[in-house]
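Right after this note come the structures.
The following pair of complexes shares a single chain, chain A, combined with chain B in the former and chain C in the latter.
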Partner chain A sequence: MRTEAFSEVQTGYAVARKPTIWEVLTSEKYFKWTLLIPLLVVLAIFMLYPLLYCAYYSFHQWGMRGEAIYVGAQNYRQLLNDKAFLEALYRTLKVLVICVSCELLIGLGLALLWSREFPGENIVRGLALLPLLVAPLILSLLWNFMFEYDFGAVNLILQALGLNKVYWWSPQRALYTICFITIWQWFPFSTFVLVAGLRSLPRDVFEAAKVDGASPWYTFRRLTLPMLSPLIMIIVVLRTMWLIRLFDPLYGTTRGGVQTELLDWIVYRTAFVYFDIGYGSTMAIFSLVLTIAVCAIMFKMLMRALGGTR
Partner chain B sequence: MGTLGKVVFWLVTAFVLFVIVAPLAWIYLTAFKSPNDIFTTEARKLIFFKPTMENFNRLFREFPFWDNFLNTVIISVASTVVVMVISSLAAYSFARWNTGKGHLLFTTISTRMFPGVVAAIPFFVMYRNLGLLDTRFGLTLLHIYFNTSFATFLLYGFFKEIPEELEQAAMVDGYSRVDIFRKIVLPLVRPGLAVTAVFCLVWSWNEFLFSFLFTRVAARPVTVLISSFWGSIEVQYGPMAAGAAIVILPTLVAAWFMQRYIIRGLTFGAVKG
Partner chain C sequence: MRHRGIVGGLVVALVLVCSFAVLAQEKFGLKDIPEIKNKKPINMIVETGAAWDKVIEYIKQFETVTGVKVNIERVASPVVYSKENVELMAGTGYYDVVYVETSWTCEWSDYLFDLEELAAKYDPKGVEGFREDIQNISPVLLRCGQAYGKQMVLPFYTYHMGMFLRQDVYDDPTEQAAFKAKYGYDLKPPTTYKELYDQAEFFTRKKGDTLKGKTLDHDLYGVAMMAGAYQINDEISCWIWGMGGDYATVVKNPDGTIKEFVITKKDKDILKQALTQYKDLLKFAPAGCLTANFDFACAQQGEGFAIIQPHQFASLFTWTADLLKEKVPDGRLGIYPTVGGQPYTGAWSLGVAKASKNPEAAYWLVRYIASYDCQKVLMKEGGQFSARMDLLLDPEFHSPETEYPLGLVCSYLVDIWKQQAPYVDNYWYFNTRAGGKVYEMQMNVLHKPMAEEVTVDECVEELVAKTIELTSKFDTVPIREE
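Let's turn to the complex of A and B:
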């Protein structure tokens, strides 16, 4: 009896068709993960692998030839005493502060100017947004020529106006000139983010404030700015993410010379010019940790802002 | 606005537009100048000069401009196609099921903060061992990497806008999950796919760091060729401007026609401009 029942169960199993792999992958339970497989593969290869690789070599000395020698935390100690690196770090933070604050100020001013609808708006917006999608490298080459001492358009115009020519690429000015190029390309970004913000503000609140006799400055400070703050946050975080890795404008202009070496440039120079993979990895890891630290402070707020305006 | 207000408004607007457009126009002016007019110290010649095709002729004759241009086209199109497949699948999963409860989406977006050089070091060593340096295939892989997170996040916003009820109705009609995605969701999200694809094309078109580090001759994209005109010995402003004029044209056209979507794209979908 017992054996019979057992064999019946067995046949029951054998008859039920085993689901094909495709059916499992597209089943209600697993489909959402199936969709993610390609992305997870890309993340594993291009994020996890470099991270582990750099972390590993940051504790080694290796010049791309021969065996890597384990040196413990020596690279990190060297980094903290490396004057060139600390200067590059300081310069990067300086560029960050200058560019973000200038872009925000110009952006806010222009956003207030263009916040109401006006005739020809599409043309103004179309023209203003043009530089945003042009390769930063090509724009920096262009500005490099425009700021040239003898033949550059800027100096020729200054001269025609009876002013003195300026040596834009002097060690004192070069970093600010690079900041200018970056601000020039990116101020339309903050401008139109804030225009979008201003246009979505509720009108009735401002009318109420007007009825109550609030001064324009008071309205701006107490109503407009607080309501724009999520958007300002978005601008600050996104621009920080991009600026911390500024590389192309350096290549198109000073190539890290005349005291303009920034964080990514010094990593590039160490790893790809001197082929010091170990020390370069240490710098790269440091630069990554710094980016995350700077952004993590604001990231929660950004995610909230991203969720809030959607 | 009073009359005075209007005058001030248009003066400021005109000034800002001049500051933005003049340098871009400058590229096109320089491209048609002879060397004598480029290396002039007369302000008048900035605008008034005799146009010539000399720079373009030199660019096409003496440099592998069109070969490099073709590399750029192949790499950006190939990487964009792959990115769109990967990202649309993933973005749909994130938008419909909130897969990974936000953590995975956060991880994806954080690859955008990843410094390019961190990825460049290990991949340079690996590519050298695998013989992938200076190949279009190798560079395409790297472009896939840096565009995937961006595309996923942008598409996530577009997929979120599709009402879930539509899919439920389709399920009642007996559609499978795969059919729903292919026949209902994808057609609805088509404008979003187009916008995202154009952005990926532009980023890949403009990319410089990886292109510069991972290619030498055969797979060199056109941005790297143009950067080489600014050498330490001689600066070839003429061919540089001619090349730049051609290379930035597609991105300028894209910026003009996508003006409604640029802010949305650059903020990863957070702000609808």
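Let's turn to the complex of A and C:
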């Protein structure tokens, strides 16, 4: 204390005190980094490091035994000429389009019905949530039995109605059956997001439209849909990300057979069944880049949609 | 006279004592495990299912006697390979006792102890004692558990395949007469593809037709097969082995070491023929066979919907027979060699990881689980079939009450092992380090022509290319196409 007083006298002005670490961390300038750094460290360890590791191995040939051999872009060249991979990619895009469209249509239809009050609404909504609560693998096993040709419940019902049995797992239908299982599990997600959206829309706009004599279809097309578009885009972006990685419905049913092999299944098969880590990493990196590209485009569209509602 | 009686009695007593002594010597059991010095706990991974449910109870006895804790991790069988592979390759030693499907033995041989090496180190009776005990195990399965002449694993239970057929239908005079009238030869279990095809065709009937003189209230299929992308390769193995082919031919040096693998023209031709015949036969199978695994095929036969399962795991015979008894009370199954007489073979087996922290305890646990006593539990309580021939021939499993279905399979296995033993040494699966990978690849590729995704020729082309690719990556033995 004395020393400080002395130095003040000697120099004629107060010496700036060194701020404590706590003060630096909580200062206006650094506080955002204080909050972000723990997350960034976790992401770097558990996301960035494996990602870089995966990218590194995508240029190597390695089967977990011995040294990895550098092969340059050979794995990528192989990938672009790999018929099985390209077919899996095409099927994934097909599943993506079918599932997202159907989930949105069903979700929107049900959301319009369920956004109104009706007797037993809580029970209905509760039951509709059930598919989302069941583990996807269990669900795929259940549907596998339900769609079985001779013993399956679906065909038994069809027969009881006097209709012919359908071979749901034929090479021509199996992919659509997989789509059905996926849609059945995920339509409640779209429904509930859209119900929440519908309930939060401003009532005065709709009342004004009614006063002006707008028809229900016109109101839906020009008011409801544009106002819901940010939520629709969120559903599309999220479901796209999840559908590119669709895996569980295959595991419990066709295991990639009868022309149903999708992108994630072929990556799994290459990397974790054959343990061809090099080529499997190449596929995984491609899949990641594709997901990022598709989602980036959709994110842009989402931002535009959000801008439109402001 | 009295002396004679006493002498006679003594002789009988002596014979009995000697017999018991011999028996006691023959059957290694818990009591023969010496004190284990290393008390570190050991870890192992096993499948889910009834067999292990029962055996785990007896592993507790091992813990009590040896004082070594055994931690058991249970997973579904498709996950076993990937979980163990990572730990073995990384040398973590996490799993002390390794659960091995026999086609992986060569692949993992660098990471497993030669069991004779451990016997020499830890067994008071040495290698001889070990050999004496395992001579009761099926020679076929012992060979499957060897890598380059060394015994790496001991079998736990076998899934050797066989042909299941409806014996009651084959024995029916009406069916026999109708078959002979149509095809010109006697109805008997098929031994050639033509016979199998004829019989599959003959038994494929529509609802309203008759079987054994009774009207059917459902469609009937000649065969039930597993054409899904999961076990089709096991069926195809039966087919090509039975025709004298393989996925690749093992070429050996004069000293018995492996020189190279060659995918010969004969191998490819046989594979093409097998796939074509398999696909042809599918028209007599339920539609669901295209995505089917073993459970579906057995259920079809058990429900009375199919007459023949041309290739099925023998371990599933009792389950199918019990199901049939429930659904078709007068139904009865028979088990026979698959066409060509060389069914797919193998066993879930146990070995000791080189990186184990307690190889001593791991070795004794493997010996204990492969012992007569433990294997008896597996059969009597776990419902699986032991790899031990002394157990399969035990009169307990051949009494009038147990002969069907249990004893029938026991006799089948012992006979087929004797018949197949000379061939196993040359099966490609059991000579390559790429066996596990190629096996998994085959499931996917061999299924494709059945699902009309590719033609048979394209399938063979893809299979050859991928076999060469994977073998080149994962084995040091050169491979080429002829």
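List of remarks:
Quick note on the criterion: the second predicted complex is superposed on the first by the 258 of 310 C-alpha atoms of A that agree within 3 Å, B and C clash if a C-alpha of one lies under 4 Å from a C-alpha of the other, contacts with A are read in each partner's own complex, and residues count from 1 in each chain.
Simple rule for what comes next: contacts are C-beta pairs under 8 Å (C-beta built on N, C-alpha and C of every residue); 3 or more make two chains touch, one makes a residue touch a chain.
Only a predicted model underlies this, so the values are computations on that prediction, with no experimental measurement involved.
The superposed arrangement places chain B and chain C in clashing positions on chain A. Which of chain B and chain C touches more residues of chain A: that partner is B. Looking at the shared chain after the overlay, A:Tyr274 reaches chain C, while chain B stays out of its contact range.
Shared-chain residue A:Asp150: touches chain B and chain C both. In the superposed pair of complexes, A:Met64 makes contact with chain B and with chain C alike. Of the two partner chains, chain B is the only one touched by A:Ala196; chain C is not. Once chain A of one complex is fitted onto chain A of the other, the partner contacts of A:Pro119 are absent, as it touches neither chain B nor chain C. When the two structures are aligned on the shared chain, A:Leu142 is found in touch with chain B, with no touch to chain C.
Touch criterion met: A:Leu231 reaches chain B, while chain C stays clear of it. In the superposition on chain A, no contact is made by A:Gly72 with either chain B or chain C.
In the superposed model, A:Gly162 makes contact with neither chain B nor chain C.
Chain A residues 64, 144, 150-151, 272 lie at the interface with chain B in one structure and with chain C in the other. Taken together, the chain A residues at the contact with chain C in this complex read 61, 63-65, 144, 148-151, 167, 169-171, 174, 253-259, 261, 269, 272-276.
Across the complex, chain A is touched by residues 9, 12-13, 16-17, 19-21, 23-24, 26-27, 30, 38-43, 46, 85-87, 89-90, 92-93, 96-97, 99-100, 104, 106-108, 110-125, 142, 144-145, 148, 152, 157, 160, 176-178, 202, 205-206, 208-209, 212-213, 223, 226-227, 229-230, 237, 240-241, 244, 247-248, 251-252, 254-256, 258-259, 262-263, 266-273 of chain B. Taken together, the chain A residues at the contact with chain B in this complex read 26, 28, 31-33, 35-36, 38-39, 42-43, 45-47, 49-51, 53-54, 57, 64, 110, 113-114, 118, 122, 124-139, 141-146, 150-151, 153, 156-157, 159-160, 184, 188-189, 192-193, 195-197, 231, 234, 238, 241, 244-245, 247-248, 251-252, 263-264, 267-268, 271-272, 277, 280-281, 284-285, 287-288, 291-292, 295, 303, 305-306, 309-310.
Touching chain A in their complex are the following residues of chain C: 81-82, 85-86, 89, 218-219, 228-230, 286-288, 290-291, 296, 299-300, 303, 305, 437, 440-441, 443-444, 447, 451-453, 470, 473-474.
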